[in-house]
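Both complexes shown next keep chain A, but they swap its partner, so chain B is in the first and chain C is in the second.
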Partner chain A sequence: MQLTLEFGGGLELLCDSEKIHKVNVDLPNGADDLTMKHLLSWVRTNLIKERPEMFMKGDTVRPGVLVLVNDCDWELSGQLDTTIEDKDVIVFISTLHGG
Partner chain B sequence: MEAGEAKSKKAGGPRLCCICNQRRPVLKRPKTLQQICRECFYEVFEEEIHQVIVVNRLFKSGERVAIGASGGKDSTVLAYVLSELNRRHSYGLDLFLLSIDEGITGYRDDSLETVKRNELQYGLPLQILSYKDLYGWTMDEIVKMIGLKNNCTFCGVFRRQALDRGAALLKVDKLVTGHNADDIAETVLLNILRGDIARLSRCTSITTGEDGPIPRCKPFKYTYEKEIVMYAYFKKLDYFSTECIYSPNAYRGFAREFIKDLERLRPRAILDIIKSGEDFRIATTTKMPEQGTCERCGYISSQKWCKACVLLEGLNRGLPKMGIGRARGGINGDHTRETKAGSKSIETKQCGSLDF
Partner chain C sequence: MEASSEIIRELEELKLKKAEIEHRISSLKAKLQETAAAAERCDAVSNGYSYPMAAAAIEHGLGHGLSPDQIYRYSRQLLLPSFGVEGQASLLKSSVLVIGAGGLGSPALLYLAACGVGRLGIIDHDVVELNNMHRQIIHTEAFIGHPKVKSAAAACRSINSTIKIDEYLEALRTSNALEILSQYDIIVDATDNPPSRYMISDCCVLLGKPLVSGAALGMEGQLTVYNHKGGPCYRCLFPTPPPTTACQRCSDSGVLGVVPGVIGCLQALETVKLASMVGEPLTERMLLFDALSARIRIVKIRGKSSLCTVCGDNSSFNKQQFKDFDYEDFTQFPLSAGPLNLLPTESRISSKEFKEILQKKEPHVLLDVRPCHHYKIVSLPDSLNIPLANLEARLNELSSALKEKEDGHVNTGSCTNPSLYVVCRRGNDSQRAVQYLRESGFDSAKDIIGGLEAWAADVNPNFPTY
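Coming up: the complex of A and B.
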């Protein structure tokens, strides 16, 4: 499915300094839905070029990284269990840089 | 973006904003765990800051106020919100942007471009002061000389004083900084870990330096970093977010990560740590460092020379280790002030960019 992934707050530096990535992600084998859990591991494998520990900790984003699915805080949609659909826009913003 | 409207089921089905009960929620507030919509978020976010300003009497009508602006998220949101509140509630403040150019190529030069755009976007006059002009050294030159160890000490000490000098130049009555709740919780922890009682007792104060020439205050003392970033994102505010090329600042980094881990488990933990910091009482028998003035430049100092002068002297004499850590070299090495105070004072330890 076609997705738009956006990286901000410094996270873009981990993926070739490119903020917006239009990507095609396939459903995992045997699964009916694409969840954020799967998408995160896909991002880590396919987009993150350096310092993956700045983006992830364990199987989720590093604390301090905000995630929005279609401009909505993923804490409202079940975080890792959030189901992703075709044409969704997922934004990752790091809050860890100075202000 | 518009696609989101059609997919409201992701926002937890038919659930509506806890405040207006009409719109789709877009954010879970860390402070209250409420689910709220974008419009209500803007309102509570701004109103809470207004209340903090009013309850703590941060400003008086007619005052000139400088906003310490780095181009980063916190100071950008602060400049935006403060100019908005100043209009809306007729605070009667003259607001200015004050930026420090540390002379870090590829970092500060870029972030200053952001501040220059903010100057136009918010219509606030901007003053930039550089380390080069104030001290004769850029951070690039300092790092070339001393390497990547202790460079944050130089930068932090110099910035604190540079902001004060800039504020004096602008003839402002107050300086506001964008330190947020997460920053303050982090600093409380750091000061406990370092046993720095003097800083612990003042790092949670919303206003500091009231006895000095230019008081500083922190209107975001109770504002969560998450909300600041969400606010900047939804409002599409123009901010700069690249980590300083010289600053791993490892010690602070650990505290930061710990705070973020705590927040994930229990978001209120951040406010609780601030509260613990506020409630800390120091025995009246404890001797605190005596505040005086630097014999060389007249800046506030608990020693004969202020930290900036000691560091600068070291740089100029080619002895950059001077004034670093607990090795007390030369200038303040004698016990003049301590003996004058009649007993050994608690040493305030320098570290990193602790602008508190």
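Coming up: the complex of A and C.
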């Protein structure tokens, strides 16, 4: 399915400094849905070019990263269990501390 | 040398005195205007052109408590149907504490003072530096080297001499935070580091204060209102602090001046909305600003978490625990970091010693491990730039540079091997590089203590720092 993935707050540095990635992600073998859990590992394998520990910790994003599915915090849609649909926009943003 | 430093010192003092006098002039002028207006009203009465008593009472008894001067000063806000005299009256009764008078605090404070927040507190322990000026627009050159709080307060007073301004020339700590924050209705987080952000949020939860939080770095900014009307606190959103490597500072990563300016203005706006009780505050939502692509995105974020260790249903977090909490340890982010000390003395040399090596023309390679865009700003002559992040992949370049020096030297008949010196901006990355290089067989590698900043301080005062 067609997805738009966006990285911000410095996370874009982990994927060749490209902020917006229009990608095509296939459903995992035998699965009916694409979940965020699967998408995260797909991103880690296909988009993250350096320091993967700055993106993920264990099977989820590292502390300090907000995940937004169609402009909505993934806490509200089930985090790793969130089901992703065609044309969804998923934003990964690192919290900023500067001022 | 001494004479010129004497002159510079006197100049600085005079500039400060000038700024203070200018501030005094503007506040006296404001006072004079006020007295003149009052006298005029009295004259009108005593000259027989008197208003009937009822009219005089109306003048000062309009119910909303705004004086004629306040009506005139804030008239453009009073004319807004959705804000009006009620909004202004609430604003004038409100008190706001702005924590940090830097890139975010500067525009926030200017607008909050101008628009008539009744009482404005400013807390900051830092002094104004030349490299602050591009974004911390509340400060003027006359205040370089002087406390930001003094500078910011003077600027706010010169814009609006009729509001109360409190100055706190100190760092916010768990020992003073509860006492200071408790005196204000709304708290504005305009700080620049994770421990302060957690500490301020926790303190706001304990005191039940709304927190207008802004952050900016590079070309991006973020804004939200925490701990307001059932919305989340900072810990609901970020229960675990991020790794230290993900916490960049403006002084290391850079920031375009206008970016914190935009976020600081929006912080002032959200504060005005909260204080005047108009509009919809940015709670349970977050504004993400990307300056480079000119995009602003407002996203929905989680509400208050029932499991939050500070504001959650079963939280037992109290004021005593707050006072005892070590935020620097919690975030692994020391606020006053001493210099890194990775290497034994024999693997290091001072910038003065390096100068002697240059003067004696001893064969060597100088490796600069800063990022390329730093190297472009300024560098020492004849240095080789391989950023620390790429060092592992580019070791062969270093080997050939050393080989070249060695070959060059064989021709002159000397037999010493060329040494390898490593430099960076402040002397931390150079130590990491030397540690790695020594492990990789470059036994002569030494770091220049204190980096280019030490070179500028101890060897060449004309060498630019940034």
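In this text, the second predicted complex is superposed on the first by the 95 of 99 C-alpha atoms of A that agree within 3 Å, B and C clash if a C-alpha of one lies under 4 Å from a C-alpha of the other, contacts with A are read in each partner's own complex, and residues count from 1 in each chain.
Operating definition for what follows: a residue touches a chain if its C-beta (ideal position, glycine included) is under 8 Å from a C-beta of that chain, and two chains touch if they have at least 3 such contacts.
On a predicted model such as this, the values are computed, not experimentally measured, just so you know.
On the shared subunit chain A, the superposed partners chain B and chain C overlap sterically.
Of the two partner chains, chain C is the only one that A:K19 touches; chain B does not reach it.
Of the two partner chains, chain B and chain C are each touched by A:T95. Of the two partner chains placed by the overlay, neither chain B nor chain C lies in contact with A:G30. Of the two partners chain B and chain C, more residues of chain A are touched by B.
Judged by the touch definition given at the top, the superposed model places A:T82 against chain B, while chain C stays out of reach.
Once the two complexes are overlaid on the shared chain, A:G10 sits against chain B and chain C alike. By the touch criterion defined above, A:G58 lies against neither chain B nor chain C after alignment on the C-alpha atoms of chain A. In the superposition on chain A, contact of A:L66 is made with both chain B and chain C.
Overlaying the two complexes on chain A leaves one chain C stretch of 109-117, 361-369, 379-387 or 433-441 clashing with chain B, which is 109-117. Within chain A, the residues touching chain B in one complex and chain C in the other are 8-10, 62-64, 66, 68, 71-73, 75-76, 91, 93-99.
Looking at the complex, you find that chain C touches chain A at residues 100, 102-105, 190-194, 197, 214-218, 220-222, 237-243, 245-250, 253, 255, 260, 286, 288, 290, 293, 297-302. The touching residues of chain B, when paired with chain A in their complex, are 1, 3-4, 7, 10-12, 15, 24-28, 35, 70, 72-77, 178-180, 182-183, 225-226, 228-230, 233-234, 241-244, 256-257, 260-261, 263-264. Chain A contributes residues 8-10, 13, 62-64, 66, 68-73, 75-78, 82-83, 85, 87-89, 91, 93-99 to its touches with chain B in the complex. Contacts from chain A toward chain C in the complex involve residues 8-10, 19, 53-54, 62-66, 68, 71-73, 75-76, 91, 93-99.
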